[in-house]
Every structure is written in structure tokens, then in C-alpha cells.
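Each structure below appears as C-alpha cells.
In what follows, chain A forms one complex with chain B and a second complex with chain C.
Let's turn to the complex of A and B:
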């Protein structure tokens, strides 16, 4: 998939994460988290895993995490990417490998 | 040196006879020579002890660089006094290298955090350290490590001469011209002045700060005129509406109510649940809610509580008013209901912080406690509890009476959710040990109850009552299966705070936190 425009998913509520994706020439992931000291590494791995599965090679991915569980993080990253390329209107391929 | 809870205490901290924690009751029977304050004789009668301002009182108190001052925290987040006094000392008198010893410090004291950042306040001794002060300490801004003590450990340290206060500034809701002072009867009432009483007896100079001057004699008095040097009248000593903070909320959360009910069921299943039993709860949501479920068990079995200790909230006052509690013995009030109740009910009486929990005394009230219900930030598979450092390693909590009541009560119950957001409360190793696992008997979570294997008697009682329980390891595994296993925190070498056990030995140290690095 290709990030075509800026899109966002999620909130800043406790136990959620707000993910913003924008077009860029390279792939960059920026993570802020209320639990970064104990879970920063795992959050980064989870986000990169979803991006890899969606075959995202370029884009600025910003994650503001408020202690979301992995399942929430995955859903928010997926949704932001889908919205950025209008794949969120119908036949949403939740959790599916898009290659 | 490794101590009795498995924590490595750096040898350089073990100078001047300081020891590592050797287990609960390890110091029982030891002799202590009590420290005594230096008292200025007031032989000749004077009209009054009034000073026109905090500044004038300070002029009489020989303020100097390196001095130790103290405050009580009965106004909690509504305290105005500590900041007012420290500002005068720093701005008007230019005092530097200031040592602050308070019963607790929190969001009301951001000004003190500024002075720590500027290197003006160089040492902190306190029970609680919340808000920006905790951040400043954890980022290594103090010259010497802060000392964190329990409510019982603080008066013990004062009596043993380990904490010597030069001047104490004590907010009082009412005072007369001679310094007979009380936490009730004024325009801003905090209720019990229990935290202030040891300071009034062990500090060299005692200044009462009030906003309601009443006729002499203001009796019964919490602080006696024989202990007071000066009295200052200010506009406002604090805001009692901010005593009930979010830590002291009354929960409506069904998950917390379920845990509270399960904790009450455990209480009722043990042999201590009989006429005249004694009970205390901490101020966390679910532990406070145990009060309301206990009532059903008491009525069903026709059992009355002999006395409640506290840390007093409206919930326990209501039980007394219903005739279900004999006496409330009160070191601190958590809400307006409790404050008014102390003022008006003869069976609700004040006690000092030393009477409450001092292990260096001839026996404090906590020694007679049957049940203690408490919260935790973290509890590990050895039942060690942390209530002082957050999951990011920053100091942001208060042991308060947690270690004292856990150590002495016949049954200490921790009530906490298994996870908070992504943080596993039940974990393999707590960040900081504030209450040793040998003092904790039962853990009630939303995913099940665990009993300390050392308490086979409690296990038998729960089995007999049909109350299910699981191993604490299974709860920890459940927590990690939901949130993932946390990475270890990254620390600098520098020790920023020492957690003292209630007997004065070193239970744990808190180190400076490293900025997070993904690599």
C-alpha cells in the first residue's frame, strides 16, 4: 500500500493510541508513549510489523501511545494507513496481509 | 550488601551504623535513647506569642543556611503553608542549602520543585513525594539522596535523633495567642493534626500558622502551648476542599466494586472477624470501597467493630453513626465528612503520628490492628509491594502508613486491578520495595485472589468458606499475557532516594532514571 495523503486513527484516551500517517520520501516512525520505558521496544516492533505486512515503504508514521495493548496499536496503525489511501470505505481488509 | 528483600544496597550508604533491612521485627527489643529538642525557657509571663508575619517569626527563629524545617501534610493538595514559608526563607532571608522534612509533599508544592531545580533546597525527607518534586528528585537534582519514610518511621527517626528539625512551621485551623492549636473550629479545617504533633514535640522551634485566632484557652488542643514558640495569623492556611484528591475518590467502577466485595468476603471468612475487631483501609478507590461491603457481613453475623484506625474517610464515619463501630482513632482525615465528624463525635478521636505507627515507641495503635486493606502500584510474586515509584521509575507516590500497618496487622489485604492500562500491577519484580512481602498476606485482583503461601492458616479459612484462590505466579502470568512482559527500566548509577524501612534500616534505593533510548 502507498500512503497517499495525511490520515489519522485513534484517540488520546488512556489505553488508546493516536496514529498519524503522511506521505514522505523515506519511511520514518516516531513514537511517543506513556509507557515507553517498559514497552517502547515492543511498541516499535508492533508498528513496524504492521507496516511491513501492509508493504508500506515510504511515509512518516507518528504514534502517540497512551498505554494501548498490542491489538489496539495494530488496529490503529492499519486504520490510519487504510484511510490514507481510501481503503477504509468498503471491503476493509482488517488484519489481512495486503501485498 | 543484599538485604532481606533481595535488594542490593550500595556499601557507601551504610556509613555511621546505617544497616540494611533484616526482616520485620528484627529490631524488636532494641533500646533507643530519645533525642530531645533545645527549648528556650519562657519563665516570665508574656501577653502573647503573636508575630505579625511569617517573616517576623523567622526573624526570631535563627534561620540559617543548612537548616532543617518541617511541615505537616494534613491539608494534602490544599496546603498553602509550606510554599508560603519556604518562599519567605528563600526570597526574604536568602537561606540556601535548605533541608525540608515534611510528612508528605505533592502537587501543592511546585514552588519547592523550582527551588530544588535551582539547588536551593538540597535535601528532602518525606513520606510522599508526588507532582513535580518527584520528577526533580528522580532526575537527580538533589545533592543528597532524598529519604522516604513511612508514617511510623518518621516519628521514630525524630525520636532517635536521625531527623532533627530546627524549626517546624505547623498550619493549624485554630490557635489561641499562646499556641494551643487544633485542626477544627476555624474557617479552614483539616480535622486531625496527628501528623503535626511529633514535630511540635521534637523540633527546636515551633511556629503555629493559623487563619483563625480564637480566645485563650483553645482547648482541647492538639498542639499544646508549652511546645509552641510563636503564633502567626495569615489570611488562609489551606483549602480543605482539596484534601479529597483523586487518590481518595469513592469509586462507582463495577470492577473495583467487585474487588472490594471479594476483599470483604475474605475478611469475613477469617477468625479475626468477631465482635470488637479492628480495621483500617487505605485511600485507594477499591480499598476504600471495602467499607460498604463490610457492613453487610457485620449485620449478617451481628458483629460490631471495636475500633477503626486511619486515614479516616466518610465511609467509616457513617458505619460508626449506624452503631457498627465503637471508636475511630484518627491521624488524618481524607474528606469533609470525616473532618466534621471528628469535630462533633466524642467517639472519634485524634491520635499523633507516633501513637499511630511508631515502631520505636512502647507500642503504637497499629500493633493492635486486625485487618488492613491497601492498594498497590505494583506487587510482585514474592508479595513485595511498591507504592512509591511509577512504571517509568519516577518517584510519584507515598508509602504513608502502608509499611507500618502491613507489618503489624494480623491480615494485610492488597486490593488492586491486575493491570492498569498497559502496566502490569502483578509483576515478577517490583520497581521499588516499599512494603516487604513477608508483611502482605492476601492479594485480591479482578482476575482472582492469591494468598501468601506462608499464611497456611488463611488458606485453610478460605477453603473452608469456599472462596476460590490461585497462585500469585498465575496472576502475574495472566497479566503478562495481556500486556506483554515489560522491559527492565534503564537506570543511572546515582542513588536519588533511599527508602527506609520503618525500623530505620535501608529497604531499597531509587536510582536516577535514564532518558529512554530505543537502542
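Let's turn to the complex of A and C:
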């Protein structure tokens, strides 16, 4: 997939994460989290894993983590990417690229 | 991809004393849903989720269904109404994620059940899920839904039961909650008859006023006596009382045991009608005694050896 425009998903509530994706020439992941020292590496790995599965090669991915579980983080990244392509509402590849 | 489904095959006739609503869009809620000890949780894609967050709620739901271990708690998803543009994708994500069942909101006809069933079956084939695995239930929220309850309950083999939804129903009848439940008496009764005739479960609406403990208990007592199988809950503090009221009492259990113990001997001796604990008993009572003992076992209040 290609990030076509800026899009966001998630909230700043506890246990959630707010993810913003924007078009860019390179791929960059920026993470802000109160638990960055303990979980920063894991959060980054989870985000990169999702981007890899969605075949994202370029884009600025910004994550503000509020203590989200892995499953929530994945959901927010995926939703932001699908929203950036106006493809979030139907025919989602559940169990394919989304797993 | 169906190998992602780790939940056991859903059962139509399991215990459903309590069904607790959870917003599928709020991660803080869905991750803890199973710890309260409810029989079923209903992850909501409908009214609890804002129109511009329907997509986000599905991503969140998919990963919750495939990642979180809900143990013995049944996981049902309330999908958006058939008059919206959302329900078909809701069905796809429910089936792909391995939800135990789908709650059809604002159900008014057997055709609506069949429409959802067709979409569910298509999704089961698309995602390699066993055809027939995903159960259905109908929320009856209008007079027309109540009038058509029997046809709705018998519209599909997947139907586990029906539930009345008080908020919308009272609105359509121009009534408010009354202390004695008179405003819903006819609807509850008619729905119970339809559900029992169809051989499916019948579930009552949630009690919305969390501060009115007395009113809540009165309503639970009423619907338990009427013969409902369970009741929706919106707050964990409502669970314990419902579980207590929907379990057989020790007195009922003792009487059922006496009937069960005596019935074999009596029928072998060629006696049809006889007396147990001062009450007349004949063959239809045996079945009811067995049902009570079975229910007591499921509720964890049976300490006998039958």
C-alpha cells in the first residue's frame, strides 16, 4: 500500500495509542511513549511488523502511545494506513495482511 | 486463516444469565472484559461506536477476537443495523475473527435474519471458517419485532435466541420504565412464548438506572419469575444479583433431586402419578427436575451426586 494523504487513528486515552501517517520519501517511525525506556523497542518492532505486512515502503509514521496493548497498537496503525488510502470501510483483508 | 480462530465451537444452549455490553472501540474496556465473570460479553459495533469510528472499531475488534483469551466467556458482537452501510463489513470481521455469535440489532422480520445468515455463510466460505459455526441472535426493539418473534426465532438453525431491547421499545410504545414493569408486560410475555415455542433462549433488556438498586432488583426478580434465561447488563455491579436470581434455589434443587431419585422406581413399579414432598408428580415433572439439576450444575450451585 502507499500512504496517499495524512490520516490518523486512535485516541490519547489510557491503554490506547494515537497513530498519524503522512506521505514521505523515506520510511520513518517516530514513537512517543511514557514507557519508551521499557517498551520502546517492542513498540517499534510491532509497528514495523505491521508496516511490512501492509507493504509500506515510504511514509512518516508517528505513534503517541498511552500504554496500548500490542493488539491495540496494530489496530491503530492498520486503521490509519487504510484511512490514508480511503480504503478503511470495506473489503479489509482480515486474516491476510491484517493478522 | 481460519487457524487464527482459537475459540472453541460455540454452543447454542449454553448458560446466558448475563450478557454485558462493551464498546469494541475502547481498548481499555475490551481487554478486561472476561474478568467480571459474565456468561457472555457483547462487543458493540453499533450505538456505542461513533459513525466516524466504525472502521477503527473493526480493526480493534479483529485483534481483540484473535489475541485476547476470553476463556469460557461467550463473545458476541452487536453489528450495525441492516439499514446502514456498515453491517456487511461488520459480518466479515466477526466471522474472520471467530466471534461466537452475532447480535442483529433492530430485528423485525425473518427476512432480516436470513439476510444476515447469507452474509455470514458467504464470510465463512471466504475465510475458511466451518460453515454453520457462527451463531445468531435477534434484538427485538419494536412492536413489529415482537409481533414477528416466532418467525424470527425459527428463521435459521443458527438462532440461539432473542432479546428485547427496552430503550427503543419503550420509545416506540410511548411509555417510560414503570416500577412494576407493566409497560413491557405484554411484549415480554409474547416474546417468551415465541422463544419457547421455537426452542431458543429468551433474554431481557438491561436496566439503565445504575443508582436505583431497588428498581434493578425488582426487575430481575420479575423476569426471573417470568421464565427468562438471562438479562443484559451494562455495569459489572449488576452481575452477582442476576446470577443469584437465575440459579435454582436449594429448595428447588432438593425437590428436583427427590423427583429424579423416585421417578425410576415409580415407573418400574408401573405407577404414573405419585407424591413427592407433598406435591403431586407425574412424568412431565421428571424432565423439569432434570432441567433444574442441570441448570444448578451449570450455575455452580449443585452439591449433590446426581
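Everything below uses one rule, namely that the second predicted complex is superposed on the first by the 95 of 99 C-alpha atoms of A that agree within 3 Å, B and C clash if a C-alpha of one lies under 4 Å from a C-alpha of the other, contacts with A are read in each partner's own complex, and residues count from 1 in each chain.
Note that contacts are C-beta pairs under 8 Å (C-beta built on N, C-alpha and C of every residue); 3 or more make two chains touch, one makes a residue touch a chain.
Model, not experiment: these values are computed from the prediction.
A.B. asks: Assess the superposed three-chain arrangement around chain A: do chain B and chain C clash, or do they fit?
C.D. replies: Aligned on chain A, chain B and chain C fit with no clash.
A.B. asks: Just to be sure I read the superposition right, which of the two partners does A:95 touch: chain B = first, chain C = second, or both, or neither?
C.D. replies: The second partner, chain C, only.
A.B. asks: Is A:68 in contact with chain B, with chain C, with both, or with neither (first, second, both, neither)?
C.D. replies: In the superposed model, A:68 contacts both chain B and chain C.
A.B. asks: With the two structures laid over each other on chain A, which partner does A:58 touch: chain B (first), chain C (second), both, or neither?
C.D. replies: It touches nothing on chain B or chain C.
A.B. asks: In the superposed model, which partner reaches more residues of chain A, chain B or chain C?
C.D. replies: Looking at chain B versus chain C, the one contacting more residues of chain A is C.
A.B. asks: Could you tell me the angle at the CA centre of chain A between the CA centres of chain B and chain C, given to the nearest 10 degrees?
C.D. replies: 80
A.B. asks: Check whether A:82 is in contact with chain B, with chain C, with both or with neither, and answer first, second, both or neither.
C.D. replies: The answer is second: A:82 touches chain C but not chain B.
A.B. asks: For A:39, using the defined touch cut-off, is the partner it touches chain B, chain C, both, or neither? Pick first, second, both or neither.
C.D. replies: After superposition on chain A, A:39 lies in contact with chain B alone.
A.B. asks: Which holds for A:15: it touches chain B only (first), chain C only (second), both, or neither?
C.D. replies: both
A.B. asks: With both complexes overlaid on chain A, what's the closest CA-to-CA approach of chain B to chain C, in Å?
C.D. replies: 6
A.B. asks: Please identify the positions on chain A that touch both chain B and chain C, taking each partner from its own complex.
C.D. replies: After superposing on chain A, chain A residues 14-15, 68-70 contact both chain B and chain C.
A.B. asks: Taking the touch rule as given, give the residues of chain B at its contact with chain A in the complex, in rising order.
C.D. replies: Chain B reaches chain A through residues 391-393, 421-423, 482-484, 486-487, 489-490, 513, 516, 518.
A.B. asks: Residue numbers of chain A touching chain C in their complex, please.
C.D. replies: Those residues of chain A that touch chain C are 9-10, 13-16, 68-72, 74-76, 78-79, 82-83, 88-92, 94-96, 98-99.
A.B. asks: Any idea which chain A residues touch chain B in the complex?
C.D. replies: Where chain A meets chain B, its residues are 14-15, 31, 34-42, 44, 66-70.
A.B. asks: Considering the complex alone, what residue numbers of chain C touch chain A?
C.D. replies: 1-2, 4, 26-28, 31, 54-56, 58-60, 62-64, 66-68, 85-86, 88-89, 92-93, 96-97, 127
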